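Across the two complexes that follow, chain A remains constant while its partner is chain B and subsequently chain C.
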Partner chain A sequence: MTSLLDDKEITRELWQSHLPVCFILSDEDKNKINRSESPEPLYLMLARHSYFPCFIEKIHRYYCNYFKNDPNDTTNNMNPANLWFEYESIPLKWHYPIGVLYDLYVSSLSSISTHVPWQIIVHLSKFPEGEIIRFPDKESIEAHFMSTLKEADALKHRGQIIEDMQKRDHQQLWNSLLQDRYDGFWKINNKLMTYTDNLQYFRYIPFRIHILDKPFIHKLFSPFNVEEEKWTTLNDLLQFTLNHEAHCEQITNEKKILNTNINDYRVIIHGIQPSLQSPVQWLSEHLSYPDNFLHICLIEKRT
Partner chain B sequence: MAFTLDEFYKCISDLYDQSKKIHDRWQLIETSKGSYLIYSFIDNNCLKYEFHIVYSESYSVPVLYFNISNLDGSLLSLDDVWKLFMHKHTSNMYETITQQEHPILHRPFFILHPCHTESLLRKVVDQPTKKRFIFWLSIYGQSVGLPLPVNYAID
Partner chain C sequence: MSTNEGNENDAFSIDASNSATNNDEVNTGSARSGPSNDSEGGSKVVFLLKAAGGAPILKKKKWALPRSKTIGHIVEFLKKYMKLDAQQQQQLFLYVNQAFAPALDTTIGSVNDCFSSEGTLVLHYALTQAWG
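Let's look at the complex of A and B:
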């Protein structure tokens, strides 16, 4: 599939998408402060494609100020490793990009007409280790990002591109993401958007479908239908995946079978609802997150 | 070189049958998300180990997930796990064991990263599927404390 040069500008626009987030300390942690004043909320503009764990240090440093000079000094308990975020009683799975979490949870749960700023509760204790992955340092976030990138490359090119890259190219991908450098990132990422094995498309599309209260769904899906000699669309991908998932649930006697009617959902990628007739090869090249996955949020329409 | 999903299901079903014969304790779990194996035990230091063998569709290989907990249920940290199994700290610790979301249970689990499994399996490319699976399991499993009796290698 040949992309127009102008289509590349879409990737730059997406790179520049940010979300205003308001971090509020949990009531439980507020009660541990002996000072008369409550901590002010912390407001940050965060890139949709970045990861909450990258901001643990900054947020922790901010709230630590309110615990200084506490007569009952609980310094031993003030550990950034115990910091985690909650939205509407849900611990945020922060190994997904921030934009994905917003699209999934705020679109599904928010009852107010205005969704910004996104109000998130900060917890400083009782880390829910059975639900959230720990990221003890920057290297662990990088490792997670790179492993997702490798999986995407395994799907697209059998892992050939990422394997042929030099270590410094991997580092440039991650450092450019951290430092918000679009040109630095895409100089390397363009290689991951090429084709191999004499194909004019990816072997399989790296995608994950996120539905509230369900594990994400992932299947092997090709961007080109060889038999019918035509590009597959977002609608094809969704119908194939939902049908397969519902079928598996039926044969294992699940109590609640997934709704396979696409019209009952809003389909959100990067905060927008693309046409269901969009070719998935094009979407994968232009609307993927930096981890090279299409993160598709299906939000059930309210009846 | 890699495994198809059907080959994987055959391998874990065979391993489960063999486990029953020798009174070992593998469990075969069937879900709408796919089938996988579980093996758990408590070691001499009162640590509870739980191993899961799950198929990766992206890599077309089996993947070994595991968690280790104290008897109070709290999980060992990544650093604790490294200390248990890695004889020396190297610069690519993060390329061997990391924490990831279990693809069926969607809870945090440690994972021996599968991106090198295919190159490992190339060493035994001419062997039958079942032997390749046992070969993979013995190499990966022993590196993180999974006991594997020789019975599984004998037909």
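Let's look at the complex of A and C:
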């Protein structure tokens, strides 16, 4: 595939795209503060490709100020492991990139027209066990990120490239993400964007389709149709995946079968609605998140 | 077939793989051509669990689960099944391709669609991080 040199700039633009987020303490937790002033909302600009656990310390420290003078507080409210975020009654998963959570939930659920700053409720108690996993330490989110990268490489290159990398290359990927260093990240990430097996494309495209209230969907899909000798498009990928998933649901007698009509969805990647005719190989190289997955949000249009 | 020993009466329902006994050729087709098995056996994912990194070896190797069950479900089940809680062993890791550990909310159906090899999905379990 011929890729214009300028296209690389798209990856830089995506790297730089941020979301303004407004964190508001839940009413329930506010009531537990017995200082006169209640916490002001906390505003942060967060990179779309980043993860909430990277900012937990900061958020935790902010609210700590309001609790630490209370000698009677034995509820251990300020244990960071009890902290969780909610948007429109949905507990937010910590291991999805922030931009994916925003695209999926705000586009699906927001009842108002202005979506930014993204208003998130911070909870310090009543952790929704069973619904989400507790906020881990930074090491766990790093382990999750590396594991996802390895999964992506298993699809793209049978895992050959990531296995051949040095440990310090792996660390450079994660550290560049944490420290917001685009060049440091792409110096290593370019290796993950090469081709193996004498192909001019990835073996399979690492992608996840996110739909509200469903586990993400993930299938094997090649960016090149060898029989017809043509590049496959985003439309092909979506149609194949939706049909495959709906078929699986029929076999397992699910009550509600997935809607397979692409026209009934808004298709969002990185907050953008890309052309459905875009070749998926190009999308995978330019619009993937740092974990090397193409996170595609399908938002069912309201009728 | 020696796969049905140890019937589960557990609240956690990783089923003894009855479906596998009447149909051993789960997922023979390629994923590109659509869901591979329309017969009865196709409604569940059959997979092998193998110990890694010195984890206790399970007598039962072959398991079956509905597609919608998650990796987290299997991890919790195995912890109970192997009575790890009693041993204060907190962690258990599940690996695909002996390379990566899928997120706990990944469904077994989607792991199977992408990473079963020649019709068989193999998961390795370890009590410490074995890969990565």
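Observations, loosely collected:
Definition applied: the second predicted complex is superposed on the first by the 295 of 303 C-alpha atoms of A that agree within 3 Å, B and C clash if a C-alpha of one lies under 4 Å from a C-alpha of the other, contacts with A are read in each partner's own complex, and residues count from 1 in each chain.
Going forward, contacts are C-beta pairs under 8 Å (C-beta built on N, C-alpha and C of every residue); 3 or more make two chains touch, one makes a residue touch a chain.
All figures in this text were calculated on a predicted structure; none of them were measured in a lab.
For the composite obtained by overlaying on chain A, chain B and chain C cannot both be accommodated without a clash. When the two structures are aligned on the shared chain, A:129 is found in touch with chain B, with no touch to chain C. By the touch criterion defined above, A:155 lies against chain B and chain C together after alignment on the C-alpha atoms of chain A. Of the two partner chains, chain B and chain C are each touched by A:248.
In the superposed pair of complexes, A:165 makes contact with neither chain B nor chain C. In the superposition on chain A, contact is made by A:215 with both chain B and chain C. Residue contacts after overlaying the shared chain place A:10 against neither chain B nor chain C. Shared-chain residue A:142: touches chain B; no touch with chain C. Contact with both chain B and chain C is seen for A:93 once the two complexes are overlaid on the shared chain. Residues 93, 95, 133, 143-144, 147, 150-151, 154-155, 159, 215-216, 218-220, 248, 251-252, 254 of chain A are contacted both by chain B in one complex and by chain C in the other.
In the complex of the two chains, the chain A residues touching chain C come out as 93, 95, 133, 143-144, 146-148, 150-151, 154-155, 159, 163, 204, 215-222, 240, 243-244, 247-248, 251-254. Those residues of chain B that touch chain A in the shared complex are 30-33, 57-59, 74-75, 77-79, 94-95, 98-101, 103-108, 113, 115, 118. Per the touch definition, chain C reaches chain A in the complex via residues 30-32, 34-35, 38, 42-43, 66-68, 70, 72, 96-97, 99-107, 109-110, 113-115, 129, 132.
Note for the complex: chain A touches chain B at residues 93, 95, 129-134, 136, 139-140, 142-144, 147, 150-151, 154-155, 159, 206, 215-216, 218-220, 245, 248-249, 251-252, 254.
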